[in-house]
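The first chain written gets the first letter, and so on, giving A, B, C, D and E; residue counts start at 1 in each chain.
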Amino acid sequence: MTADAAAWQALGLSLWVAFWATLLAMPLALWVAWLLARVPFRGKWLLNAAVHLPLVLPPVVTGYLLLLSFGRSAPLGRALEAVGLQLAFHWTGAVLAAIVMGFPLMVRAMRLAIEAVDPKLEAAAATLGAPRTHVFARVTLPLIAPGILAGAVMGFAKAMGEFGATITFVANIPGQTQTLPSAIWTALQIPGGESAALFMVALACLVAVAAVVISEALARRVAARIAGA
Amino acid sequence: EQAPVTVFAAASLRGALDNIGAGYDLPVVISYGGSGTMARQVAAGAQADLVILASSTWMTWLQNQSLPDLSDAQIVAQNTLVVIAPVGAPALEDPADLLARLSGGRLAMGQRDAVPAGTYARQWLETAGIWSTLMPHLAETDNVRAALALVARAQAALGVVYASDAAAEPAVEVIYTVPEDHHDPILYPAASLSPAGGALLAFILAPEAQAVLRDHGFAPLQQ
Amino acid sequence: MSLDLHIKQQFGDFALDVAFTAGAGITALFGRSGAGKTTVINAVAGLLRPEGGHVHLQGETLFDATRGIFVPPAKRQLGYVFQDARLFPHLSVVDNLTFGARYAPSGAAGPDLADVIKLLGLEHVQNRAPNTLSGGEKQRVALGRALLSRPRLLLMDEPLASLDGPRKQEILPYLERLRDGPLGLPILYVSHAVDEVARLADTLVLVQDGRVRADGPLFEVMSDPAAVPLLGVREAGAVIEADVLEHADDGLSTLRISAGQLELPGVQAPVGARVRLRVLAQDVILSLDRPDGLSSVNILPVVIEAVHPGDGPGAAIALRAGNDRLLARVTARAVAELRLKPGLHCHAILKATTVAPGSIGR
Amino acid sequence: MSLDLHIKQQFGDFALDVAFTAGAGITALFGRSGAGKTTVINAVAGLLRPEGGHVHLQGETLFDATRGIFVPPAKRQLGYVFQDARLFPHLSVVDNLTFGARYAPSGAAGPDLADVIKLLGLEHVQNRAPNTLSGGEKQRVALGRALLSRPRLLLMDEPLASLDGPRKQEILPYLERLRDGPLGLPILYVSHAVDEVARLADTLVLVQDGRVRADGPLFEVMSDPAAVPLLGVREAGAVIEADVLEHADDGLSTLRISAGQLELPGVQAPVGARVRLRVLAQDVILSLDRPDGLSSVNILPVVIEAVHPGDGPGAAIALRAGNDRLLARVTARAVAELRLKPGLHCHAILKATTVAPGSIGR
Amino acid sequence: MTADAAAWQALGLSLWVAFWATLLAMPLALWVAWLLARVPFRGKWLLNAAVHLPLVLPPVVTGYLLLLSFGRSAPLGRALEAVGLQLAFHWTGAVLAAIVMGFPLMVRAMRLAIEAVDPKLEAAAATLGAPRTHVFARVTLPLIAPGILAGAVMGFAKAMGEFGATITFVANIPGQTQTLPSAIWTALQIPGGESAALFMVALACLVAVAAVVISEALARRVAARIAGA
């Protein structure tokens, strides 16, 4: 396989992983953000700290902890493998790593957005008869669309760039688990690999630009609707 | 307070080199990392007195960077490639049995292109004619020690690492030693960037330090 | 309907302790800024869980502090028109209006979207974003939104404050129709505007500094000279009932009150209906003799019941006209010159155009 | 002051094209909801950069579309009391009030913090967060905040809409004093309340559907029968000037108008001052003969100038009383019965308490 | 030096680096967030994409790019060193790496907060005579305090956890540039190093908890002031 083909393959895998990671993490992140923003409960500080942990820990440690929890020798990993879900050394594990690593970013963006929603509007919806879930779906959710979008972009970008946890959890197997960052890193470990790396860095930049441009366009549409333009 | 000697060294020397440094009469400060990173950092002007890599190609690259203070390279250590398994496993008679011995598990090794130990492992497996069979069953890590840990933690069934790594980990057992001629020689070239580094380099090459390296599983230098 | 409430709530050094019962029709909460009106209405809506008291609506307990009962707002089926409009900024005007429709009890009667848009004059803005509406337009959408959720009680917190006179004149009869129509929609209405209150309310609750100062049927509270300082001198007056006898071609209608007949313009109720007239104290002129050749033809024989000298140069004269009570405000000088005193028979001149006609409930 | 403006702006299918000049004193913008009042005031404040036109204040060009001049809001030195209060939620009431003080031109005269807190009755809330204030309290803080920035022109967008009657009665004289005092603070005032406008305004601008329908001195616009439909039937009337002659012990004051003398309660202006009286058309009763024995002592000889039959059962009668014009609203039946027609001499009975006294500016 | 002493030393360095990174990045992040949220200009998408790049690129690449730009052999690096500011292989470089890596997180949080501020309040401040800078300092800034706080926590946490870019840019010199993540990684390089690593991971967790708890307490105070409680 040529270096170029390997690059495209890695890009494809990264996009795939980032797509699933973003999609899967969003509802959970939204739920956690909502808990943190709006629901008072004991031990909230613990959840809050736990959400931030992947930021504070070196990614390698996070990957290592994932391996210890979901690896083949861990009960959880074995149980999941028994139902056909293999995570370690598998692209699905890369998705999990990306979810975990992007989680603090997504939660924070969504939480800020939720906290900015005027509770008076939610109260107004309640007086109109809307049950809690409907208030969330019909008032809160559309109003925090910019925050969700921001969270999604951050999560996606992080998933595209995640390296340490991914390589530790799912290794760096070309064609199987070699994401774009792993491939770039690999290229950099070879004397003279800079040009191959540069090409892949350019691909990553392109993806970043595309993600940012698309998300901004979406955000502008949301904002325009509210501004009435 | 004496000025410490700063060493940039390949991560797989961690342990042995710490011990040697402790026995030196000046304080020794060691920054560990991947060989490629070390080489680039030295080229970028890191204030190292001595650089020790795990890869001849990177040392060649570094020598070509026209650094005025960089001395000629000298081999300070040599290593052997071994196959490891969790303790208690029977010896591997024939590399052809590798796939069977994996029994659905994975073979941990350094990344085939990026990690020198992984490149040596690939060379061996290609020579043995089992590379393509094993390819789908690999767990390629970002450094050898990670491959070692995978086997020690039973995340991977078997691993290909350096003898020096295996020696340091009581949870694993060497079940096969790879013949030296099945891959490029595993050499640790060093070069100094200052007189202090040169002195330390000489100390490492001295028999006392070489004995420490051998204790840590490195192969004796073949001059 | 019957609303029976008692709200106790402490905010810093402001203590609210309000209790009243309200029957069918429109109950007005009237009081100065900061008196606690919004707080009461919030407690009824369930947006505030008061520290003490209870809220019973039509026999159902919505809140009871001692029994620990608190029905959440979404389950109360009340329509709340907020003091600030609180429109949903991400929804168009139409989507705001229909927001609550799906939660209305199935089969509940009430106005439909087209009615409401027409009544409130929202045709031109229906597809716009709330952020582009003028102040009055926002308030109208808020009113429509509450109506379309088909509530069993409408809570209105100064809903017409930023509406112009002509628009108010369109909406007020509509609220009356809601109250009087088949829906019989009861309304709890906060307002600073005495004329609105006088026109609409069946029950009046005067709130001052977190306490109820007077409450009861509108007629009684309004014609109680003691309420004058609370209502404001210029707004004091009586509300009386009248039967519509006839509509003449020139637009004047003849109405009968217990003391005689009145001729009024712009009476919309059909012949035979009972309507309500508001007679401001300051719009009643007393005459010792029955005057002649006046452009005002409404002259009633009255008996002075009491003379209440005010703080300033005015005096409030309580009058009996047949079975009805009227209030007149005259100067102290006139009291002296005309020798007005209880028991004196005289004539009250009412400007025909000064009374606000409006149909009345039950 | 002189404000000379022309604002052109298109919002979707709403086209605004308003031009007027305003002299010293208070200029009222009056119009129905959605007429474009807030848009005009925003353009004056610089919060909207209109598509066309100009704004000149005291000879300074604040905006000129053709010359591309646009002075940013912060440099205009105007005080804006918003229709929604727009208090800074993170600042206490006092900090909101004093927000603009530091940008006031040094040495500019005006009320100080203590004055404003006292006038607006904010003593009890001064250290509170805006979120805990009632609707009326917020509006008062907003007014105080604008005043304390020592503006050279005050823009007020329905600033009293959520205030109760007594509070309004306290604030209105204060605004008059600002206008008349040494500051001579000019005010551009949006209101739906005709009584506020009649009391305060020197210039009245009637806006309808984005156009000026009538503008000019208050006296003229108010007593123009053509303005009746815009003002609302119940609010039409005349505003006349009077000189204070005497204050009697019983609280009544004697005032002279061109057609004679009136006796009114509650006149605060000193003897010799010129005050303004509002006489609502519906508060004027016409009598062919001079009546006697009435509780109302204000009877003026008048001449009928014109009879304007209305759409309904009423008619507007334009009267001349001395040099002043009055408006009376009577029924068509009374017109017929009393045979009212131009040129007829008769008497106008004015309820003494119906006129709203207030000092007047220049 | 014992393993423990090394751990404490690494912790101290990481805290020091994170402190400076957060402090220095805040004003710049705030400025960029404000530009992105409120100022229309050409090429905004470029700035926006650039801010996101450190998320998308593998950290090693970012570190390498830093090395190429600020290394002792790069013109910029040499110029800075001439004025006494050495970055590569120096703790100051770790600060730079942490700034760059945390930047997208800080900007996003602040930007979301700025976008949630009602422009009508800013307009009100302008009509009271406040010049632009004052409007920002007296209205916008206090209102976005929660977002700034969120950005600071994220930036601080990221700075505590940054590994790839840091080790590539400033190496892993104990006592000089060995941050907590580098020390953890180094500990994992010898078999049996897990317990030492675990100890340091626990330290990192403690820091995370402390940062989160402190920031939440601050946020509650801000919120309480606005709610009037």
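One rule holds for everything that comes next: a contact is a pair of C-beta atoms (placed from the backbone, for glycine too) under 8 Å apart; a residue touches a chain by one contact, two chains touch by 3 or more.
Protein names from UniProt, one per chain: A, E = Molybdenum transport system permease; C, D = Molybdate transport system ATP-binding protein.
Source: prediction; values computed, not measured.
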Going from chain B to chain C via touching chains takes a minimum number of steps equal to 2
Shared touch partners for chain C + chain D come out as none
Relative to chain D, largest Cα-centroid distance belongs to chain B
One chain pair leads in contact pairs, namely C-D
Taking each chain's centre as the mean of its CA atoms, chain B sits from chain E at a distance in Å of 35
Cα centre of chain C to Cα centre of chain E, whole Å, reads 60
Between the Cα centroids of chain D and chain E the separation in whole angstrom comes to 57
Chain centres from averaged Cα atoms put chain A and chain E apart, in whole Å, by 19
Touching two or more other chains in chain D are residues 84, 128, 132
Multi-partner residues in chain B (2 or more other chains touched) are 146, 149
Contacts with two or more other chains occur in chain E at residues 60, 64, 188
Full set of chain pairs in contact is A-B, A-C, A-E, B-E, C-D, D-E
Counting only contacts in the complex, chain D reaches chain E at residues 45-47, 72-74, 76-80, 82, 84, 86, 88-91, 99-100, 103-104, 128-132, 145-146, 149
Residue set of chain A touching chain C in the complex reads 120-121, 123-132, 134-135, 138-139, 142-143, 145, 222, 225-228
Counting only contacts in the complex, chain E reaches chain B at residues 60, 64, 67-68, 71-74, 77, 88-89, 167-168, 171-178, 186, 188-192
Contacts from chain D onto chain C in the complex sit at residues 11-14, 31-34, 37-38, 83-84, 124-125, 128, 132, 134-137, 140, 157-158, 161-167, 169, 192, 194, 231-232, 234-235, 248, 250-252, 263, 265-266, 282-283, 285-289, 291-297, 312-314, 328-334, 336-338, 340, 349, 351-354
Touching chain E in the complex, chain A uses residues 45, 48-49, 52-61, 64, 104-105, 108-109, 111-113, 115-116, 146-147, 150, 153-154, 157-158, 160-161, 163-164, 180-182, 184-185, 188, 197, 201, 204-205, 207-209, 211-213, 216
